[in-house]
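First the structure, then my questions, so here it is.
Each chain gets a letter, A, B and C, in the order it is written, and its residues are counted from 1.
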Amino acid sequence: VDDLQRLLDIEAIKRVKARYFRFIDEKSFDEYIKLFTDDAVLKFDLAAPSAAPRKRETLTRNGKKEIAEQWQARDPDMKTVHHVHAPEIDILSDTEAKGIWAMEDIVEYPDSIIHGYGHYRETYRKVDGEWLIADLHLTRLRVSQFVKDHANL
Amino acid sequence: VDDLQRLLDIEAIKRVKARYFRFIDEKSFDEYIKLFTDDAVLKFDLAAPSAAPRKRETLTRNGKKEIAEQWQARDPDMKTVHHVHAPEIDILSDTEAKGIWAMEDIVEYPDSIIHGYGHYRETYRKVDGEWLIADLHLTRLRVSQFVKDHANL
Amino acid sequence: VDDLQRLLDIEAIKRVKARYFRFIDEKSFDEYIKLFTDDAVLKFDLAAPSAAPRKRETLTRNGKKEIAEQWQARDPDMKTVHHVHAPEIDILSDTEAKGIWAMEDIVEYPDSIIHGYGHYRETYRKVDGEWLIADLHLTRLRVSQFVKDHANL
């Protein structure tokens, strides 16, 4: 891959991840589901390695059908905020890439808030000219649960 | 716009937004006001769509004069932190572009903290070789008010 | 520096900073220490300019040996999260650059949390084809201490 193409690919992949989170937080499922390869595998660690073993579950979703089911199982009124930072993207070939992102997420339930931090490690595949997420693994630095103590404006 | 120019424009626009927030938080009005076109229109939603209707005001500033008035109306001792993430920038022509950014802001008042999250949707115009903000609209995912419960170091 | 090389250098420097924080939070000292020039100088303001003078200390580390000592003095069980945002990178020559980053950090102690916000101003030097951090200065917008009121998952 030449230097200019590599920069274009990096920018395109940054954008895939930006849209991934925007679609989650704005609840645009029809756009969200288009970001994955058909065989995409998503793994989400629910707690940090320092957490008690019983809390250290990893959720796995195999393929677009399970990704869609995960979406549909969420409370549609739940408010979420996801931010990603500081990408490290490697273009491996014309159609393969990998990346690492720092992340923060907030999930607001009626009485509590889960506030998490961690990293995504991902691979991407270019299919019909578009970069898609082929797999991702979210690891956790810290996941905290707060009793809700604020007023929502 | 050719590919290299497009990447240069994207990087330049990312930088405009980085400076927009740095100047707000570092309180550099003279630099801040230079980032806008003369006819810039800024719209700030104060609450999320899920908030009570009476809270869902949108502040609008039409043109540089009103932007300057908004700045001057702020408490000069107020501490603010603004972060932006995950830009999606589209270069539309040699002199026009649009972008979406995820955002987080913290405004500290003497007894309370407002902590907000949302997205900016913006357009940019190149004037005399410099990208400027022509309009922006801040929408909100979540805006929370906390009683101040911390010590400032 | 031509335009393409400038963009490549900017992307490479963004990546140095991404790795700088990932290695801190993932506690990868062997990788972390390679990111600096031998004579790197790091300055960390511990509080905002608005803080009481007795709190406004600046920690300074001169050279790789002191940077390594600072690392080793930390509690190895301490959980940290560092995020950086909105880079403004200037390539000054083939081997010199400077940058500004917005930042947020969280340090979790057994009974309290320090949550800070500020900016890094840095210079970089290219040595044997790799961009390294030559000096940095962290200034603070806001540093708050919270009593720990959450459960860790």
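In this text, a residue touches a chain if its C-beta (ideal position, glycine included) is under 8 Å from a C-beta of that chain, and two chains touch if they have at least 3 such contacts.
Just so we're clear, the structure is a prediction, and the values are computed from it rather than from any experiment.
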Original post:
Chain adjacency by touch: line, ring, star, complete or other shape?
Top reply: complete
**OP:** Compare the two sides of the chain B and chain C interface and say whether they are made mostly of the same residue numbers, over half shared, or of different ones.
**Re:** different
Subject >> Interchain centroid distance [CA atoms averaged], chain B/chain C, Å >> reply: 25
**OP:** Identify all positions of chain C at which a residue touches two or more other chains, and write them in rising order.
**Re:** 4, 7, 83, 85
**OP:** Provide the residue numbers of chain C that touch chain B in the complex, in ascending order.
**Re:** 3-4, 7, 10, 46-48, 50-51, 55, 83, 85-88, 100, 102, 104, 114-117, 119, 141-147
Subject >> chain A contact footprint on chain C (complex, rising order) >> reply: 4, 7-8, 11, 14-15, 17-19, 21-22, 25-26, 77, 79-85, 106, 108, 149-153
